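The block underneath contains the structure these notes are about, expressed in structure tokens.
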């Protein structure tokens, strides 16, 4: 019956969208496909790019609904690929021979390959990376250097974070756990989650809100409503550009490092265009443009040459070598954890 | 005699428009008073002011000696039977009747008893549990009146309540209403545009036109001695001639109509020689082929058609100038031979006509 | 006869197609999904576990109860506010003003719910417009956070669903004969009694249909509780979303979806029973 349903829906969509030009349907994060680059790409290749914005969870849900159809290229985080692939088979194996490997930082490419390995095949190539840490208003909350600030009564009503898994991991580190080490010990992981839930529920009066939209968080920081937030480094740097008092701070527990990738959905229609887009985006000048605009570092080998100095400065300021060494890179998430985490998140949100 | 209702110099203006213009009247206790007038004459506004839905611009309303100015409708000892009755469709008959008693905080056994009594009185015993939409038009009528009467108001106001009924029922309800009023003895103020309703039921009738009372009197007076041309025309059927006064004394005037007839008739007010005047003549005042023509105004007409309506039959005739004239046709077989096209003579006594100085 | 039947089917087919493809089939799919689940070995089997989870886990059913209670409270507030507003529009306003008022009520619905909510947030936030003016005129000396609490959330829900109560109420009030109100007044009833005994009983069908719509809308709302309610307000729809999106547990999500459907229908059914009405009468 599902097949009938899918067939019927596909017919409807096929009738509706009879666009003739070659298109690339891209499922990605906001900001990952700047309009200028889309225009250049179209000029170079004649391929139109249709972009759908999403996040990790919705990306998986969307692809799962269609069993990997409807998009030609997705950009999930590398830790969210292997178990999803094992369970739902959403992606097709990446043909690395079609990628210009000279464009990539070799260590990142091999790390992503290793992390997305399922049955001898790998499923993704790296695009950009960054960390989750703290954005701090140093005028209002000087000296903050730990995730503990998120649950510190000193900043009552001036704290904001997402109610998503990175926050759980961060609080786990703050409470002295090593969540990554517990990934394959569900029982202990559960115990840790319970402790985290207890902590976050107790800390409810402290948090102003659970932010859901990056732009509105930045607005709250800018207007001085929020002093300390857990967010991505690039957001902090954007704010630093306008207000020197606000900056990204890698906490002493270690910033949580993520790598967003390119992965091709199982039923992609235009695979060739997908590879073209990957190679196009990884060109140093294009990656450099993206970095300058969105403040994210990329996996492109020579992008720094094409990146604005201010952006490079951000990086130097926030990430001295010892901080980089302390980054806690997300390992691939095992399957069962997500529903455990989901329940924990529900519990925290529901508590009064 | 005490007056249940006493209106003095009542004026109501809506912007530039004067709906009620200086009306005064008294209604003695226990009487049936009607206000008769064409639609738009201000009678409904007058009634709504008595009920309390409108405040008069000036003037006073007294009910049993107490001024009602500024008293809201729910505090006045008057009740209104609405034109479309306004029975509450969400309640049954008994609940409708009990509505006002409940508002007064009467206890339940008394309410039940009073409701039953009043239903019996209006001839609907045992109808309490019926829904409003199960009732016929006449029954609804009676429930609407019962709903007001059960409150024993000083004055019951009725706003053309028979208007929605068919003719037969209306005739019947007229008589019933009159009997009911006599039985309960409540003062009724009844407004209508139907002169027959007013004449049949009322002790006294006021004829209203353009916000003013033209004449107040017992029905026979209005019919027999209309005070103004408007009353003459509005109350009952009338034939009208226009003409000029050629002879005049206190008792009699001679009018020469524009068609050239010369009639002797009775004046109303001053009609001096040479002035224009209007002459009104009721259909039943005209005798067909009178045997004794002395002292009568006699002239020839031709029959155009016979308007047969039982005891209320008429001949539609035309004068030689082709003006229509309605003549009463008594159903005593004497005139069965008359057919359309016949020429007949009609005559009338000078006392039957009435003449008014023409309106400018 | 066969001809007219064919015409009927030609016009009716798209409706059936629409219902089948977009409502009935997906619902059937969800229903089967809600009875499937993984056993201990990771295989998909038929199970009632998804439904049992709802009643076993206090977070789930408490969230549902909370959502329902708030939906009822919101519906009552919407009703109390809509009655006088509708009465004014239907009975007191002049014809031209009437149209203008209805358009003013409709106006917010010309933009998406998201935009409306963000509008409220700009107005109410700590550095928002309202705080700015209250500080300016010296009403307060420190900005107050007016967002992220239950009262604000209910206000937002009332705002988004008010129209759906006012429209049926206005139409049902327009059919109320003014003379009924006057008659009640004449028979000795005061304002409050007239509302209680005449206007509200007359408006019952409109009140019921409006309440059902508002209740369902509030129960099924996602954005308003999420954005304006903030940290304390886990709404049941959000839980369904979380099951589908965050936990990838479609089976559990489907079961929640069906429970929402069944339980809310049950609430409406008992509401109708309680006020002795029939759905058919209300819908007509």
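Going by the order they are written in, the chains are A, B and C; count residues from 1 in each one.
In the analysis below, a residue touches a chain if its C-beta (ideal position, glycine included) is under 8 Å from a C-beta of that chain, and two chains touch if they have at least 3 such contacts.
Fair warning: this is a prediction, and the values are worked out from it, not measured in the lab.
With steps allowed only between chains in touch, the distance from subunit A over to subunit B comes to 2.
Distances from each chain's CA mean to the overall CA mean are smallest for chain C. Interface comparison, A-C versus B-C: the higher number of contacting C-beta pairs is recorded for A-C. The chain with its CA mean position farthest from that of subunit B is A.
Separating the centre of subunit A from that of subunit B, both taken as means of CA atoms, is a distance of 90 Å. Subunit A and subunit C have centres, each the mean of its CA atoms, that are 35 Å apart.
Each chain gets one centre point, the mean of its Cα atoms, and the points for subunit B and subunit C are 57 Å apart.
Residue ranges on subunit C touching subunit B, taken from their complex, read 177, 179-180, 182-190, 193, 197-198, 201-202.
The residues of subunit C lying in touch with subunit A in their complex are 21, 25-26, 28-29, 32, 57, 59-60, 62-63, 66, 121, 125-127, 145, 147-148, 226-227, 230-234, 238-239, 242-250. Considering their complex, residues 51-53, 72-75, 79-80, 82-84, 86-90, 99-100, 103-104, 147-148, 151 of subunit B touch subunit C.
Interface of subunit A with subunit C (complex): residues 1-2, 4-5, 8-9, 12, 57-58, 60-61, 64, 84, 157, 163-164, 204, 207-210, 212, 216, 220, 223-225, 338-339, 341-343, 345-347, 349-352.
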